[in-house]
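These notes open a run of structures that come right after.
In what comes next, chain A is part of two complexes: it sits with chain B in the first one and with chain C in the second one.
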Partner chain A sequence: MKAYTTKEKIQHFLISNAVPIIFLVMSAIAIPLSGFSATYLVQEMLIRLARNSFLVLSLIIPIVAGMGLNFGMVLGAMAGQIGLILVSDWAVVGMRGLLLAALIATPISVGLGYICGAVLNRAKGREMVTSYILGFFVNGIYQLTVLYAFGKLIPIANTELVLSRGYGIRNAINLAGMRHGLDYLIPLKIGNLNVPLGTYLTIALFCLFIVWFRRTKLGQDMRAIGQDMGVAGAAGIPVEKTRIIAIIISTVLACYGQIIFLQNIGTMNTYNSHDQAGMFAIAALLIGGATVSKATIPNVFVGVILFHLMFVVSPMAGKQLMGQAQIGEYFRVFVSYGIIAISLALHAWKRQKDRERARRSLRGEA
Partner chain B sequence: MNEKLKAFIEEAGWPRVIIGLFLLSLFVAAPFVRVRVDASISDTLVRFGMNGILVLAMVPMIQSGCGLNFGLPLGIIAGLLGAVTSIQLNLTGVLGFGAALGIAIPLAVVFGIAYGLLLNRVKGDEMMIATYVGFSSVAFMCMMWLMLPYTSPNMIWGYGGSGLRTTISVEGYWLHILSDFLSIQIGPYLYIPTGMFLFFGLMCFLMWAFLHTKTGTAMTAVGSNPEFARASGIDVNRMRVISVVLSTVLAAIGIIVYQQSFGFIQLYMGPFYMAFPAVAAILLGGASVHKASMLNVVIGTLLFQGILTMTPSVINSLLQTDMSEVIRIVVSNGMILYALTRKVQVKR
Partner chain C sequence: MMNRRNGVRILLAAALVLLGVYLYVSGKQHQMFVDNMAVEIEGKTYAPEALVRAAFDGGEPLELASGDRDVTQVVGPRHSVKIEVLNESGDVVKTLEGEFRWVSTKKGMFSVPAFLGGAPSPMIDSPAAE
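Our next item is the complex of A and B:
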């Protein structure tokens, strides 16, 4: 084992953390430009950390199982929204409402997760694009359900939820009764800052779950499958079944994540909320330094903070810099998509290089 | 008879048969719910002509093994730049249309080369990366549309005096320049945009002819078996770049043809999801992730656009609700999903 010099260590650190570092530099430039106060930004980050972390965490397990970024997490988000719609119709409020919503949404998301896993087993090697399209497909079915079945086949009593034509759910649902139900379950105030302690505790609990889960038999099986599906299969691990379980876990967690997300925001965009959930979560995870094949818990938190820092700051920075807030607005859309494109491309490129190197080493010195 | 039917269904695939029957039933049902069949056919034909070339743009990349070109928006952007610049130069009629093409094509070639070089580095993951290349280029251009120094009063926002509008009319420039060429009007409702069909036919023919040249054959060989192609001395990467450039150029041409019929240039988030209908259409036409023909393009576009035209009118009159959007989402993504999951099965 060769000892590394300090310079090499620094180099290695810089290369392996290139994406977060670039973002850090960008935020460092944009924050003074935007003119936001530190208190405002800290409060904003505290809220957004609570709001988004759970959704981002739900992506980890499929990555461990070698299935890439689970773009199918929107399936879970949709299940969560169906739960919330029903609960707001029954006018159950506060923490009880949230628990009930989660209870209703769990079987739906297990079912959807099973379907997603089964579909992905038929598309090995192209899980990401398939789960992405599956998200769109199920979105169609979700719209069919919410727009036509709700109020017709599934009775909705509360007229405030229903479109004026008598069935179908309205575009925006006010979750005022459940707003911050989990966030401020245990009230805590430090100075002027509101700390959403309840949500933080849930997230911490869940991080422990992931750490524990990785050590279980199932978690180890998943890692083995993530390394090499063929070898894992030969070693007697039920590959397809384990992959389905990984996706089911991810979907169910995404469902809870979406419920947490929406209780923080307080209003639900019936037909858009879930779409954004997937994209923002994936962008945040990648910005935190995760790749398609490797993601850790610190990646999640670093990613959420950096992504949302930029998210908050860029419209104002754009306004100061270009005189148009709209440019900053488009800039952050560009960055979210661009960062996914670059991370995916870098990962695929690296994999291709590895494969070539492996082939060359077999061929021997030419 | 039963055997034949079975073989046919096997050949065409269940989704195609179901959607074909669905479309047929829509046309049969149309007169009963007081939807004019001739007007519907006319609409279908116009949309077929509008979208045909965008669907055709899928063919080269599928043939060369680069998969479905979800990065179509990149080519569309080249087309938009051409169209906007042509209006800025105040060129009208055939000259304006020609200028739009003349500006868009070289741009598309440049974009295509860069895009192709990128895709060569990510073999096996093309589709996902292509999707995001498309998305991020659209988002990048959103900023550009605001900042590029276009000044034509027909295009920029009225109040700010800078930045392009979200939709720009091509009326007075080159509206229907292709569609109205030799167009046929039968009765008050049936309109056939002959010129657009001729242009689409020409493009299909050129594509078909290209695939039968030496380069085209080499490209197909790369798609069918890259190792074999490499062993026979074909430069795999070069063939792939050529296919990507072709696809991008066709997308640029396609969007300009689309605009001259539609009447508007849609900027900003307009091109964002434009790849998906095109992908769905070619798959509906019987193409797989690895193989596509001109016939797939024509059948697929007709079926897909037929569904898009017929569902709003017929289903709406039937059920008194607008389900067309949902049906569009389910059909197009279901089709893509079917193609993505089917291929592996065949291979094994």
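Our next item is the complex of A and C:
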């Protein structure tokens, strides 16, 4: 086989890391325009990294199993929100409230993950679009439950949570009792910066879990399935069962991720929080350089930092450039949705380029 | 069929339920009234102090004059309290610290005179439950 030239190596690096490079350049332009101080940006990044990393990490396992980006993670997010609604009603506060919410939400997310995995097994090769649509379907059931069953079938005693008609949950729930329950469980202040150490330790444990899990028999099975389902099946790996387990793990972790996310925010948007969680987590992972078929832990952290850096600086940069912060807000929405489209298109383009390169190198062409 | 694996599963489920109950009991936030009025418990009358400062679980203290009633939030079943009795110029003349247990929403009012007088429990009937 022919060795690659320097030009080809640079070209390959640029293609492989096109999305993070684009975002890095955009950030480099937007940061000075925004006028924010370095201390402010570092504090924001510390908070946002803690807020989002767990959610984004929950996407890794299905990618390892070859199931692409799990748009069905919103199912787990919905389960987490149901846990938080119940715990808010019972007035259980602090870290105990968060743990209780996670405990309640776990069986719900396991059930939803099983359903999602079973459906995706019937849609092999089209997992992403199927899980995306499944998210809409379960969102309908969630809304029906929260709008009609809560307060009617499921008793809700706290009148602050219930709509004035007597049933259904209000659009916004104040999680003041649980706010930063995990973040500042272990208080740490470095200079003027508050470090959410509790959440970082949880994220570190989760990263260790992923590293360990990849080395287990189940993790190896998932990798084998991700590479070739047919070969894995022929080798005696229970393909469908393993795929379901991958989705269940991802859904449960997304559920915990959503609880961590909302305890950081301190307010829950009952009918929208989960939608945003799925879309933004996927966008962040893709911005970090992950693809539909390959994602690593560094991709998660790079992605969250770059994505949220744009989130913070773009409104102010928009205001400085155009005189209107709203332009920046539009830009944020455009960025979050647009980057998914760009990443998927780049992924397809990269795969085509890789195939061409492989063909050329096999032929021994320059 | 009840085999070893199912037995472990049942035990695990039971442990999770118990954990849930523990989290609920220990993390439940209660609205507690704090009262500095004369109160009669088991035939004995406890008179209020002219001015007291009461802090629960190391939180922000409440100042109550004789006949005052305030409200605060406490979390869990066991609580610590620090009561300072103040004179007219606001100086602390007596400090009493102790612990008490949350009984129920019905008995959701902490009586400062009962606590200072050494009543069996400072928790008395809450006006919200009446």
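List of remarks:
Quick note on the criterion: the second predicted complex is superposed on the first by the 336 of 366 C-alpha atoms of A that agree within 3 Å, B and C clash if a C-alpha of one lies under 4 Å from a C-alpha of the other, contacts with A are read in each partner's own complex, and residues count from 1 in each chain.
Criterion: contacts are C-beta pairs under 8 Å (C-beta built on N, C-alpha and C of every residue); 3 or more make two chains touch, one makes a residue touch a chain.
In this text, all values refer to a predicted model and were calculated from it rather than measured experimentally.
In this superposed model built on chain A, chain B and chain C occupy separate space and fit side by side. Once chain A of one complex is fitted onto chain A of the other, the partner contacts of A:G177 are limited to chain C, with no touch recorded for chain B. In the superposition on chain A, contact is made by A:K124 with chain B only, not with chain C.
Comparing chain B with chain C, more residues of chain A are touched by B. Using CA centres, the angle subtended at chain A by chain B and chain C is 120 degrees, rounded to a multiple of 10.
Of the two partner chains placed by superposition, A:L14 touches none, neither chain B nor chain C.
Legend: residue contacts after superposition of the two complexes on their common chain; A:V211 is shown touching neither chain B nor chain C. In the superposed model, A:L100 lies in contact with chain C only, and not with chain B. Contact with neither chain B nor chain C is seen for A:I186 once the two complexes are overlaid on the shared chain.
Following the chain A superposition, chain B and chain C show a smallest Cα-Cα distance of 32 angstrom. Of the residues of chain A, not a single one touches chain B in one of the two structures and chain C in the other.
Residues 70, 118, 121-125, 127-129, 131-133, 135-136, 139-140, 142-143, 146-147, 163, 276, 321, 323, 325-327, 329-330, 333-334, 336-337, 340-341, 344-345 of chain B touch chain A in their complex.
Interface residues of chain C facing chain A in the complex, by the touch rule stated above, are 16, 19-20, 23-24, 26-30, 75. Contact residues of chain A toward chain B in the complex are 119, 122-126, 128-130, 132-134, 136-137, 139-141, 143-144, 147-148, 165, 322, 324, 326-327, 330-331, 333-334, 336-338, 340-341, 344-345, 347-349, 351-352. Interface residues of chain A, counted against chain C in their complex, comprise 90-97, 99-100, 103-104, 177.
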